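The structure is given below, and queries will be raised subsequently.
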Amino acid sequence: MKALRSCLAAVAAAAMACSLAACGGGQADAGRNPDGTISISLAGWTLATRPEFQALADAYHQAHPDVTVELKEYSADDYDKQLIADLSAGKAPDVFPMKNLRMYYTYAEPGALADLSDVAAAYRGDDALRGLDDYTIDGKTYALPYRQDVWVLFYNRTMLAKAGVDAPDGTWTWQDYRNVCARLKRALPEAGYADAYPTYHHTSWQSMPQGIALAQQDRGEAREVFLSGDYTYLKPMYRLLLDMQDQGLTLPYNTVSSSKTTYQSQFGTQKAALLPMATWYLGPLADQQRSGDADRFDWAIAPLPQRTRADTAHPKSFGDPTGFAISGTIGGERLAVAKDFVRWAASEDGALALARTGTLPAYFSDTVLDAFFSRSGLPQDAMSRRAITGSAISPENPVGEATQTIQDELNIAHTSILSETKPLDAALASAAKAINGSGLLPGRQE
Amino acid sequence: MDGTRVSGRAVGRAVGRVAGYAAMAVVCAFILLPFVWMVLSSLKPNNEVFMVPVRWLPSTWHWEHYAQIWTKADMGTWLLNTVFFAVVVMLLQVATGSFAAYGFSKIAFPGRNTLFLVYVATMAVPWQAYMIPQFKMLSVIGLNDTRWSIILLQAFGAFGVFMMKQFYDTIPDELAEAARLDGMSEFGIWARIIVPLSGPSIAALAIITFTNTWNDYMGPLLYLRSPDLYTIQLGLKTFISQYDADYAMIMTGSVLSVLPILVVFLLGQKQFIEGIATSGMKG
Amino acid sequence: MGAQDLAGRGGGARDNSAHVRTLRNRNIRNGLLFIAPNFIGFLVLILIPVVTLFYTSFTKWSALGEPSFNGLANWRRLFADENFKTATLNTLYYAAVHIPLTLALAFGLAVLLNAKIRGRAFFRTVAFFPYITAIVAVAQVWSMMFDPKSGLINQFLGLFVDDLPGWLSSTSWAMPAVIIVGTWREVGYFMILLLAGLQTIPAELYEAAQVDGANGWQRFWHVTVPCMWPTLFFVTVTLTITSLKILDLTLVMTNGGPGISTLVLAQYVYRVAFERADFGYASTVSLMLFFICLAVTMLQFWINNRRERA
């Protein structure tokens, strides 16, 4: 009996210890195989249906025949939950994506990611690579971008033409945008689009409009403003959205959220003539038109409308880069190979492999964009290209210790404001109060 | 009682019965509506599933989704894995649960009430809070991404013990006492007297454990990485990519996923015998 | 009933204390043997991780790296946290309405579907359907029905009242909407458990009651309810715990909104843990949820024990 009891106690203590301690555990840090080959593991999602990760793995292997990149399947939807678990138990793959910037600080801060500052240094001054600076924490870099999406304005040229409304010309302010929508509201039913709205705002995501408002505000650099604890810069965009949903220019938030509307179903089946959305929709829209899942119509993209006419000369938009990071537990030869893969994925070579799959890479060189737009079904006009290359891109989730808390609180404000259950000022004030009270903002730590 | 009153009452009863069945038919339609929506959605082009304005019927009927889910996706593997997990967990939960419940219900030992309360208390802790420590523990012994992880995770919950113990409490203690005086071992009493009397409760526990394991998403999400270990719930999530999703396929899979549960349910509820059971006291 | 009573009664035939002691020891051994297969798994896989919460609730921990002790900081934060306060009230609101409603409906349905009616197996299956229908489909169809303008529910209510509820787009009506769907979804589940319990009632008791001239209602109160007591107790405790821990439904239907009007404690734990990667504070919040559950459950156990003794 006593022996049993002490045995149980020992098991319990051991189990408890390893459930909390930072169990390195980790895989045996194998270097190269005897024949000189080495394989590194790479996390990816929707491997069966999206060629993005496979294309990178194959192209890298082709350029470096001694290295095999093995893909490990993760959930696209709940990726961060799986990654947190794996990193906490030391079971993460060698290389894994940072889906966006929201969780980046959480991973980097406790040392779960390898320091890639030396790799990043190779790209300093290379303007073609977008999003690199977003990964800087205290002068160090723990991930390199390989994809960079930008928010733009999608428009259905066929619908606009039938309604007799001019297509966006890259000089629109939000006021122009609103006026066009008002004209479309009158013209669309006569043009034969009975149940269509002028535009669709995908307000299930707080980035519509918070990402836009942060990118286009004139108070200062996005990261500083975001971490300042003052969120009144969001007001003009929210006033616009509230006004537009009250005027019936777009599907109201309450419908969008309760019916889980997808933007593809609204724009792809011509239920909306305009759509502010990110470039990740370009490839899928072209594909869906080919497969018949979306209607066939003529469409293109333009830069997002701007706050002032002057801004339209240098449009401001937003979008988080997607990057690759390396597990902090690996070292030696393995780390060197992993670093080279991450460097390559950010380069023009990696970008070309990616661009051919219909994914917009982070390396915006002419060659890469040519490759990207060569995919059939994508718009070929100069404005569509300018919408991508000409926009200054702010991060959606500027990196800091408070990032997740800020976004969570601002999301609560977002649903209160757009459901019109709480006045704009009050909702933003209570979010600011909670964020400032968290003690996580820079310079305000306990 | 004269004839007219009897027939009057009979007519009234018949009308009442028809009205009762009509009411139940309406209620059934109401209850099945989301399932009907699921079936119709599985036959739609993807963009019509979450479209506004809502449309109930597909513009074109895509019966081929039910073929594609087996060929383009790995539904066969997912199905086999899910059946394996659900059956093993169900057997373990029923076996260890009813075994432990016998100890709690029919054997008096000091501290059993406290221990029992500890069991029940753990049910009150949200899993999201302790899943990471649990994951780390199982990973240290190398059980992450193995079949064992899901089995161990699900098989020892307090639910089965609590449920079976309460059912055993309804069986008179005298039955066990009498058998003890006859010199029967405790195991014999459990196997030959108590278990045969608890058919309906074992069936209920089996149905519920099977359903919960079958529909579990977070457990497999956290523990399984290899596609050849995926369950249906986890597999269906591969239709969701970063910014869009194939909802029609998800609905197709969800419809198919309901069928095995129905089979288990129909088998299990046969244990709920006609009308009221005769008690164990007779037997 | 106490362990002593049972041991004493078992040895009643030959009353001597030595025998009582052997019986007691035998009972301990047998009891532990029966419990062991489940208990060992339970201890290692559930109890130990749960116990670690008591430590992590006093730490700052992002799940990566080791938890660092930060004293009472999480607990102080808890009592100033508006989200936590609202989530607690929402949880209690949900539980207070959902528990009695579900229990009454599930019990009624179980009794009804235990009677000899035609198509019983079919109706039982239908009643179980909401529990096995994909939750996305459930949320979607109910959202359509709750639509303030075009939804079936308001069109029906519109026949009687003018001031129609806004349901999911209103902070005061979103929770009732969630409760309705939660009840609709879980009635079949608890019906199964209660059906199993109904099977254990000896038919003789009903016959005896009938001979005594008891009507249907009296038979229900004086035969069904007392015989079902252990099952009812189990169902009530389970229902209480699942209601206080409700998560998946609000996650899919409202995601806690509008604002935080349907944010419940379990979802707050989930948010703090996975949206904010603050597992230390998530432990603190989940311990509070645990204490609430425990207090209610203990109360139920206490009532149950009193009743059994009476």
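Note that the chains are named A, B and C in the order they appear, and that numbering of residues resets to 1 at the start of each chain.
Methods note: contacts are C-beta pairs under 8 Å (C-beta built on N, C-alpha and C of every residue); 3 or more make two chains touch, one makes a residue touch a chain.
What you are looking at is a predicted structure, and each value in this text was computed from that prediction instead of being measured.
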{"item": "Relative to chain B, chain with the most remote C-alpha centre", "value": "A"}
{"item": "Chain pair whose interface holds the most contacting C-beta pairs", "value": "B-C"}
{"item": "Between chain A and chain B, centroid-to-centroid distance (C-alpha), Å", "value": "38"}
{"item": "Centre-to-centre distance between chain C and chain B (centres being mean Cα positions), rounded to whole Å", "value": "16"}
{"item": "Residues of chain B touching at least two other chains", "value": "50, 54, 131-134, 137"}
{"item": "Junction residues of chain C - those touching two or more other chains", "value": "44, 48-49, 52, 56, 63, 136, 140, 144, 274"}
{"item": "Multi-partner residues of chain A (at least 2 other chains)", "value": "15, 19-20, 81, 84-85, 88, 255, 259-260"}
{"item": "Residues of chain C that touch chain A when the two form their complex", "value": "43-44, 48-49, 51-52, 55-56, 62-67, 73, 80, 82-83, 136, 139-140, 143-144, 146-148, 168-171, 255-261, 271, 274-278"}
{"item": "Touch list for chain C against partner chain B, complex", "value": "1-3, 5-7, 10, 24, 27-28, 30-35, 37-39, 41-42, 44-50, 52-53, 56, 63, 114-116, 121, 123-134, 136-138, 140-142, 144, 184, 189, 192-193, 195-204, 206, 227, 230-231, 233-234, 237-238, 241, 244-245, 247, 265-266, 269-270, 273-274, 279, 282-283, 285-286, 289-290, 293-294, 297-298, 301"}
{"item": "Complex interface listing, chain A residues touching chain C", "value": "8, 11-12, 15-16, 19-22, 80-81, 84-85, 87-88, 103, 106-107, 109-112, 254-255, 257-260, 404-405, 407-408, 412-413, 415-416, 419-422, 427, 430, 434, 437, 446"}
{"item": "Touching residues on chain B, where the partner in the complex is chain A", "value": "45-54, 72-74, 131-137, 139-140, 144-145, 221-222, 225-227, 234, 237-247"}
{"item": "Of chain B, residues touching chain C in the complex", "value": "24, 28, 31-35, 37-38, 41, 50, 54, 95-97, 99-100, 102-104, 107-110, 112, 115, 117-126, 128-134, 137-138, 152-153, 155-163, 166-167, 169-171, 173, 177, 180, 186, 190, 199-201, 203-204, 207-208, 211, 215, 250-251, 254, 257-258, 261-262, 265-266, 269, 271-279, 281"}
